[in-house]
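Common to both upcoming complexes is chain A, partnered first by chain B, then by chain C.
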Partner chain A sequence: MSAVLLIAIPLLVAFVSILSKKLAPWLLLATPIANLVLLFLVPTGIVVIGGFQPPFGISLLLDTYSFIALFAVNALVFVIGLLNVKEYHQFSSILLVALAGLNGLILTNDLFNLFVFLEIAGIAAYLIAASNKKPASVFHYLVLGAVGSSFYLFGLIILYAMFGTLNMVDMIEKINAATVSASALILPFFLMFVGLGVEAKLLPFNSWVKGVLGSSNTMSGPMFASVYAVTVSFVFGRLLNNLFAFQGNLLVVVVAILLLGIALGEAMAFSSKKAREILLYSSIAQASVVILLFVNGLVLWGALLAVANAVSKFVLFYVVTKAQKEVGCDDLDSLQGMFQGNYVVGVAFSVAALSVIGIPLFAGFVLKLGYLTELAANANWLAIAVILVASLVEGIYYVRMLVKLWYPGEKEVKVSFGNVATVVIALAAALLLVFGVYRGPIDNLDNTIDSVSEVIDLG
Partner chain B sequence: MANLELLLLIVLGTGLVAYLLTKVNQFLGSVFTIAATTFAFVSLAAYGFNGGLDTTVQWIPWLSFSVTNLGFFFAIIIVFVYLMVSFFHPYFLDHYKYPSVYNMLFLWSLAGVLGTFFTENTIQLFFFFEFIVWTSMFLIPMGKSKKAAVSYYGFSAAGSFAMLFGILVMANVSGSYGLSTGLAALTGSGKEALVFVLFLIAGFAKLGAFPFHIWLPEAHGNAPHPFSPVLSGALVKLGAFVAVFALIRIAPFSVTIDAIALPVAQWIVAILGSLSIVFGTLMAIREDDAKKLLAYSSMSHGGYILVAFSLLDSVAFAGGFYHILAHALASAGAFMAIAAVARQTGTTKMSELGGLIHKMPVTYIVYLVAIISMAGIPPMGGFISKWLIFQAVLNKGMVLVTIAVFFGSIGSFLYVFRPLAALFLGQWITKYDGQVKEAPLLMMIPMLIITALNVYTGVFPDWLLGVTNGVITDLGYPALQVAVAAPFTLNGYYGTLAPAIISLVFAVGVVVAAIIFFVLKKSRKVTLMDTYTAANFVHNEELLHYTKDFYAPLERLYEKYTTKMRDFYNALAYKVKEVGQLAKYLFMSKFAEVALFWTILILIFLLWGEF
Partner chain C sequence: MIQYAAILLFVLGLYGLLTNRNVIKIIVSLNVLEIGLNIFIISIGYVSGGIAPILTSVNNTSALLFVDPLPQALVLTAIVIGVGTTALGLAFAKSIYAKYGTFDLDEVEELK
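== the complex of A and B ==
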């Protein structure tokens, strides 16, 4: 048993699933489950592939950090597959490829290999985006995605030329040992930052999000807003925390980009009237918050926030895209009162929204308080102020949205979610509620994550 | 139940039970809500007054409780208002979209109150502060307006986020999340001014004081009728709670204005409080909706509370704390009376009502007593508190503030009597013929209790002043002298007050008036349409309603300026929208080249001068 199976199985099954259209949806559901089981069986640590001892060859790294991400991604892909298995069965193979790429992104310990998985996940993403039936926006995404990964590759090549290694742990050691001036690292680091920033939806590099998520459906919406978002956040976190030693001008520029992303993301959401647009701009702001936490070295909080956002955004996007499909429009005004006959879905949606705002009793509150107190301990007042003002704006538009969706307007809106979806959404919301009051596991994780990142630092 | 943790958990649990019971039967669920609220109040009252509340924590490890006189004072008042209002539930729930949720959130917000006031931990304070905000926020849109909930949330959240920022700064200075240690550690840290301002933003926003008053008329005016008394009588007092910490426990600047022996910061707050009093009064005068009128009156009373606590003086503190109590009782009474009227007639617009005294005499008395207290006329509680505040302000020699507090008092005569005249007196509006009768008995009980307390607080303030004295000595100031010269008198700076004797005089006056009323011939009743003007019959009752444009000449003086603050906040929201649209235009273009352009621009900026 090796962690490489987590990548190999979905990739293999993806090819197998092409052979049988009937079997493909079942394979799509079985694979993530198998992966989840495997995840608990395989040993943690560095996995050497092909017998090449690191730093040569490709190696994978499974630790608590990647464990959390793998668990979240596989579970979410299963759930999204389950909810869309009827309507989007022809996308089964693509979702499996995506799963392989995403698992690889999380696991890999090799920077070039990371680029390969970025491309695999990217190709799957373009195809998933194609399910929106908006070719122009997919093309836009394709162009930006290609530019992003080339930037990443360009940055990586410079690093390789400087240090002669692609292994992440080895690279970290070499960078720490070498006496390279910080300004020499600006270009490669920033290029790689942009490359990942495109996928992570950071502000100036993310214009694809509007076209793709703004017209997303019940499959592509949750896939991009939660599965891809959580994966890229974790990858970003890994690199930010171990590889990128941002300092001087680069640090200032990166922090400025992120703070602007938070503020403008919320402002853009505030100025939107369509449900999906509001959610997508909100997730731009949230992504910036997560990355900002990683930049500040708050790995645990960044990781947990990414997972919590993935769960809430899954609920929010699924509900909104489903309603859009049935009503034919996602203007908030035309969805007024849609929770009237759907109490369970309505409550779950409200819980997810309140958790994103960071309101007590829900997971988002524990996290927000957690990272704000950490930022305060570092006396990072500017970040706290921006986050709080942004949360205020965020709260206002979410409350406006919730009130509209609960109380009917002139026209009666009927949306039926089906039993499976209702149960799944309710469970996701219950998770947010449970972790909003019970913080034992978070305190435990605090220790394990720290120790593992120390291991990486030591090599 | 002496254990606070258990009490809190039980109230949370009863919320769920109330939800289920209300689903089955609305009346049953509402009666259960009454029982649950009663349980909370009785527990607090039975154990709290003799210091018997148990703060041990057993089930939820991150909770910690601590009982202070200050916290208990606020908690008991607020829980009392909750208790009184719960009696209204059986008669109102059928009007609301989600009645079972209404009972549940009502009880949950009550649980939030228990958590907020009985803690030393600032994070817990913030937790329950926010908890109250969201539970009460979902109750508001069940009333008339959906927008009201949004502005309520916006201002409340602005307040609580400011408080959170203050808490974080304080924790950074002191290294712990204890409230007392944090406040103590601020002295000399250089961060006093920041925390002071942040806490006061929270206080002003929750209290609905100028310049954060916009949400008051929106939320109070449009909330469900039985929830308006909770908002106005109870929840705005959260702001006073935070303001007390800031004003009394933090000394932001060392500069003191010698003439009035007051630090500059406190003086500024006193001026802002005065502005709240003046603006609240002026806005209330021109309001047609009785509930919105009372909301503006809450704003003006918030100003009194701020002025009182900014004076740093025992008499003023006694006045401030007593005013919190008196206003809670008075505004709860007034809002409940209006709620009773609204239930029977379906409107709160003054121009659509009249002559209700004939059908609802008890409600009339309740409202009358409440507004007498609000206007600060003996023999009601509001008189005692205002008397103390006047004494303190005069003693300090603060001219502008003195003018404002007197203006507010006289102004409140002008506005609180208008709903009285419009709703209850005047001529009977014929369209309500046969529809309206006195409020049901269960609603009468809390209204009468509150009326009795309004009178009690005005006639025998001694015991309650003893309670507030406990709070004042806790804060490190000498207690107000009560009953030194003779029993039932209080000493201010200028003379002593004997409320019982004043009340006796009033009582005699009332008796004489009653005798005259009953002995003399009854007046003949005519309907409103029994008239004509300029030889023409008028067919619209509303035009003849004598409260229509009642203070038109006065209003004309300032009506141009009444929307300024609202415009400001609308403009602010609009600006945020514009920034959002600009950002969309700049960054969210449908051309991929634009993103590339920004990337390269940043890259050039980064590498400028490096190579």
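== the complex of A and C ==
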């Protein structure tokens, strides 16, 4: 068995699912489960396809890093599928295509193949966004996404012209051999950074986010804020730590973009009154924090923060979009007191929000402490200052939001979440609690991720 | 030389995207941008005096000067993806028109 099946199965099932509308939702639920089982069975390492030994042909790379991302993505797609199986059953095939694209993005070891999967995941994303019934916003997203991936393609073809290879490991070796000056690499790296920045919701390239996530539903909200966000973060991490050698002015520009993204994202979330807008601006800031960690070489912390954010944002977005659907509005005032009678969901939502802020006892705290310590060791005081101020602002608006949602207002707000959703949300929140007090697995991962990056360096 | 033309088309497409507010014109601009990019990719594989990278009974040795076939394969994929995106964009254009009765994004903003 090979890791190719993680991409091939969802893609094949997606086409099969078109044939039977009744069967499609079941196939959507079965496929991520099959992928999760398969993930533990397939051997790790470089997967050669079609007998072409790298650097020829297309190869995949399954290591601890991609394992974590694949586990998170498949588990989240299963959960999101489960919670939306009745209402959005006609989107089953699209979610399966999205799953194939996202798994491919994480696994691929070929830069052009990455572009292809970016487009597959992108086209599925436009269709998922279409479920919001806001065609103008989706069109805006489509144009930005298409331009972004064109920039990525432009950058990668310049790299191909320079080094004559598309294989990532081979490219890294050739760049390290440094036959080309660093200044010649600025243009392709920056073009690729901009291209991926569109999907990663980085600041100047993310004008689509408000239209898409601001009117998201129980399927599109968690899909974009958690599944797509975690995948693109991992792809960024892979490229930033192995391929992009940001130095000099380019590094200054990239860090400035990211710090500005954190500051403005938090400021916009602070000034919003709508629940979904608060969460989406918070996601923008969090995405910038994750990429900032990758830029500073903190691979482990960036990866774990991306996963923790994905779990938290899944809970937050699902609860808010569900409430918006039942109440018909997502103003905090109109949702006031919605956790009265929904104590389990309320507690889970609070856990997720407090974890994002980084309050002790929750996973967010362990991670924040970890990466701030590392940043301090690197004497990166500006980043630390921005992250700490951002956390303070984050604390204010999340606590303000929690107070609103817990304390009843004049009007009684009733939202019924259903048993399945309540259990799933509670389990996700429990994960954030468990990893907030139990650090064992994170310390173990520390060693494995390091050794894998050495493997990549060595080819 | 052809690379300058390709970059000019790319920039022209980008200019069109930034200045147009009509959905159909935006899709056309996107296509101009993609065509510019595709020509650029093809030009990367061009070898002066090179022949098509196919072994035939006449050209039966790999010692001959061939153009690089990889960018051609890449462009083929990029074209297919571009067509898919364009088709999807047109479908959204249709639903924008069905919902707002206009292709102009400024008017759509006002109608929201």
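Convention: the second predicted complex is superposed on the first by the 459 of 459 C-alpha atoms of A that agree within 3 Å, B and C clash if a C-alpha of one lies under 4 Å from a C-alpha of the other, contacts with A are read in each partner's own complex, and residues count from 1 in each chain.
Here, a residue touches a chain if its C-beta (ideal position, glycine included) is under 8 Å from a C-beta of that chain, and two chains touch if they have at least 3 such contacts.
A quick note: this is a predicted structure, and the numbers were derived from the prediction, not measured.
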Looking at the overlay, does A:F317 come into contact with chain B only (first), chain C only (second), both, or neither?
-> neither
Between chain B and chain C, the one with more contact residues on chain A is chain B
Pick one for A:I123: touches chain B only (first), chain C only (second), both, or neither.
-> second
Using the superposition on chain A described above, determine whether A:V143 touches chain B (first), chain C (second), both, or neither.
-> both
Is A:F154 contacted by the first partner chain B, the second partner chain C, both or neither?
-> second
Considering only the touch criterion stated at the top, classify A:F112 as touching first (chain B), second (chain C), both, or neither.
-> second
Who does A:F163 touch here: chain B (first), chain C (second), both, or neither?
-> neither
Considering only the touch criterion stated at the top, classify A:F365 as touching first (chain B), second (chain C), both, or neither.
-> first
Which superposed partner A:F224 touches (first chain B, second chain C, both, neither) | neither
If you stack the two complexes on chain A, which partner ends up touching A:P135: first (chain B), second (chain C), both, or neither?
-> second
Both partners, chain B and chain C, contact chain A at residues 136, 140, 143, 147
Of all residues in chain A, which touch chain B in the complex?
-> 136-137, 140, 143-144, 147, 151, 183, 186-187, 190-191, 194, 198, 203-211, 249-250, 253, 257, 264, 267-272, 281, 354, 359-361, 365, 369, 372-373, 375-377, 379, 381, 384-385, 388-389, 391-393, 395-396, 399-400, 403-404, 406-407, 437, 439
Complex interface listing, chain C residues touching chain A | 10, 14, 17, 23, 26, 30, 33-34, 37, 40-41, 44, 70-71, 74, 77-78, 81-82, 84-85, 88-89, 92-93, 95-96, 99-100, 105, 108-109, 112
Would you tell me which residues of chain A are touching chain C in their complex?
-> 112, 115-116, 119, 122-123, 126-127, 130, 135-136, 138-140, 142-143, 146-147, 150, 153-154, 157, 160-161, 166
Chain B residues within the chain A interface of the complex = 60, 62, 97-98, 123, 126-128, 130-131, 133-134, 137, 141, 146, 149-150, 153-154, 157-158, 161, 164-165, 168-169, 171-172, 573, 576-581, 583-584, 587-592, 594-596, 598-599, 602-603, 605-607, 610
